[in-house]
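The next block holds one structure in the form of structure tokens; read it before the comments.
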């Protein structure tokens, strides 16, 4: 919270609002945070928590913790070193990173900054399928371990702050990805369907995560179409205002999916106890977005690392205080009905 | 919201309060808005929404969208061109219009401003049945396609703002409708019953919509008496304070009515997602009132058109983001329980 | 509300707080008002409400409306004419009046001011049973038609405002009732039990109303012991803070009592729609307290009458707008679940 | 509340915040208070409450009331006479006292100040089991009648106020207990399990109370391991933020325990009606913490006694107003569902 305040002070109003804002009246934006806070925990006591192990796996990759960094756009808007700085910070903290299609830095440079740290690539399917394929191919070549198909953005949400601010991207950001060939990165295809999951999976041979799912039936359809994981998300409250908070949507999706795929969640995650709550509700990974953006804006790579490390420390403490020495000990009975 | 603020600045306090206010402590006025906002949506993803069709039909008429304009009184109080300006604006936006009995402009002139745009006529049954019949006859002759019987106003609600403001209609407004013959337009008959539905239907040969219904049993009685549609409304919170919000009343009425009639709703509708919510709860049409009044006051015909077009754009975007290419795709499972 | 503000301006702080305040943290005081406001109504439409009849009966007496005035203490603290002024005002409005044991005017003078208007006498059973009997006897002789046994005051509630204000009764108020013989009117007997209901009923031959009941089992015990009516009350939030709001307690008491006795309610009633709500939940009479006190303080007898008449007008309008031409038409299905 | 305000004025900011604050965003801190306030009571009337008896027993000891004082740390930080002052105040009020391991006064001096008043000793099991045993042995020798094992503190909660204040204990407080031998009182063992209950019970021959339980299964495991009583607590909101409020956790624990052990509660208790609520929900004892700390800071021993006596008076009045002449009359039907 302090971090957001500091970011607000140093960023241009339009940039701050672009990141902070949500769609419409920002009902979902607020609900995302409030829904986590409403969840009451029933910690266990008198368990041996002298060693707490945050390790987990996702899509077959061993991870140091269940905390991931959600894809966000245009990092050079927030910091001159852009995605290189954020990636380096995430890698320093050892968190799973998801690189955005809307990176303002070529994916190869981001991958270099990430080093050995595992990372995934977020995909917008564009009207220009050739350009889409080229972008994804470069990410795969650069080392992405999974593809995250954003499913909730057939059109851009109604961001009233941006309308009021008459917001446009700062000059000289562009999108280096698109330099190789003509095409419009912002021109997403509104005709993307479940079939594109199979296309992505078979074309690139990587597991596909479908991000933006809020319903059990959509989760099932995604899995039937080849998805390896479902990411419960409402795009940080930036797409359909009034959409259910992700913490409220998560349990039904988990129920629908059962053991057929992994389930992740993002949206309104601010503290380690929110990560604990997400895991207790059945998420395998819990992603944060805005806190990383504020850290990037205020303190670059180093503060990104510190922020993620703090979140990790909070989670470790939360597990100890909940009587859970391992991530797998966090079960649904930790949540009060 | 901005629009209401601007209207507040330019309108006399009494006129602003007359439009903005509700009955009693304005509990229902506030609840109408809050009840929509409490409804959480479960958007669908990965549907082809490259083309979104807002078209629908009501009472056999094809309409460009499910958005209608609720009848409101005394438009010349808000703008010198009164109902001619509002009608022209509504027609420019292609929305269904409902002309009020309490028009301050002769219905023939309003009809002319509407051109080919479909419109309905709202009916207060007065103690003077002859005058009532004359007014309705003129509307029918002028081209009204349905009659909307206001059922919730046997007496005027207790508008405390008007009492405090000692509000009376500005001079020179009068009601041009009544110039032809003596009679008192404000003298509504408190003895109107379900029987008057049949009288209206058989006398004028037009479908009758009963407006102001909040209960399933009243909806059924209205249909048994000849109503073609039920309009769930609490008169914008201006009649019985404490009455249930329309969004909360709608589902039970829809359940009671089943396929025997169409159901519409108004009250607290401010955004395209509210229209989506209304349709998801079973309404065939969703009407707005105050937003059109503020637009009329601030910018006349043109701003009325813009406001309705914005609402339509919001609805189209909401359908796309909810994965619904057609209005008929908006089903009750879009609402989270 | 305006009335309370005006009373606050003209009354000494201690007197204002004595009337306005509740016990402890005033949770129940606030809940009483909030609980009515939470109740959503489902008005009926298209009923003939050209004539609305507020008439009802209670304990065999015909009353002009179901609105009564709850007993409150020390009216000379609020107005120099004290209980004579309040009684005259209540009588002018034709409401049922309940005269308090803690009157600062002899009951015979209050009775005279009431004229033919029906009234009841509120009874605190004192340690000094002889004094109790003498006081009740005088009230019976003066024309009380029923006795209201206050059951919730074995000890005085913890009124923190009075503690903070170091509040004591203004000098020269005393209690004229007690002039005849020694004894302490404030010394209520904490050993009053259900048996005292029978004692009151058999000693004075009048129906006994038990006031202060919040539980179904206590209502049944009261009736078994001879009570003719149950008055659901928490003493205006002035006794046990945290006690359930009367609107929330009423339905269970009504269920328990069935047809075996009448049920009334007070607490937080501020508007005609609150009276409607009370009747819809099963109360035969609905009593107001503080609004009458504020009216007495601000404008004496005349404003008491106006205030009660306004409440009556609001109730009449509420019945019309709810489609209920008679009080008996107000049934529980008017309340939304 | 007034007391806390006064304490805030006289204490250094860091000390005030150390006592007042909770973990994380202080959700649980606030919920503890709010959860009691949400509980609505259904008082009984017309019971003989001329004598109200607050007496009860716990672990075989007769107590003057069901009110106890929860263990809190470092009293010399609040008042120069530290634990001697607080103990003397508690003894003067005749309340059950629980002396903290983190006392800044040797337990023998605290015991002397307590005189004949019953008291228990709170135990943190340290990594240094020898030091733990020595501390407990001294308390047992000094007269402790039971041992209270704190189960919710394998690690210290995240107290953000302390982090922001860079809070450290004032110099010269130290912990006199530890003077006898080396060892670190703050170095609690994170590997404490249910087995340590049996160790404590068998080593010292005193009944063991397990404090910090919020779940029925943990309560059962504690009893199976030898606990004589379960103390429902979330450490005053200072450990796992987001943990359920104690008033909300209590009923399920009571259900799980049945007659197999006693159940107590603390957390957010501010008024006598909160004690009544706790007993109605099944607690045998209800403990207060911060109010005693504020009293100690503001007025030393005397104000501690007054504060506890006021709470006792409030409870006695609450029982009278609820129609409960004895503590055993406070049953679960006093709580509204």
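Labels A, B, C and D are assigned to the chains in the order they are written; within every chain, residues are numbered from 1.
What we mean here is this: contacts are C-beta pairs under 8 Å (C-beta built on N, C-alpha and C of every residue); 3 or more make two chains touch, one makes a residue touch a chain.
Quick caveat, the model's predicted, so the values are computed rather than measured.
Superposition angle, subunit A onto subunit D, using Cα atoms only: 90 degrees, a multiple of 5 between 0 and 180. A separation of 42 Å divides the Cα centre of subunit C from that of subunit D.
In this assembly, the C-alpha centroid of subunit B lies 60 Å from the C-alpha centroid of subunit D. For subunit A, no residue reaches two or more other chains under the stated contact definition. The touch graph of the protein chains shown is a ring with every node of degree two. Within the complex formed with subunit C, the residues of subunit B that make contact are 24-25, 27, 31, 151-152, 154-155, 157-158, 189-194, 196-197, 210, 212-215, 218, 221-222, 234, 239-245, 248-249. Here subunit B touches subunit A in the complex through residues 37, 39-50, 271, 273, 276-277, 314, 317-318, 320-323, 336, going by the rule given at the top.
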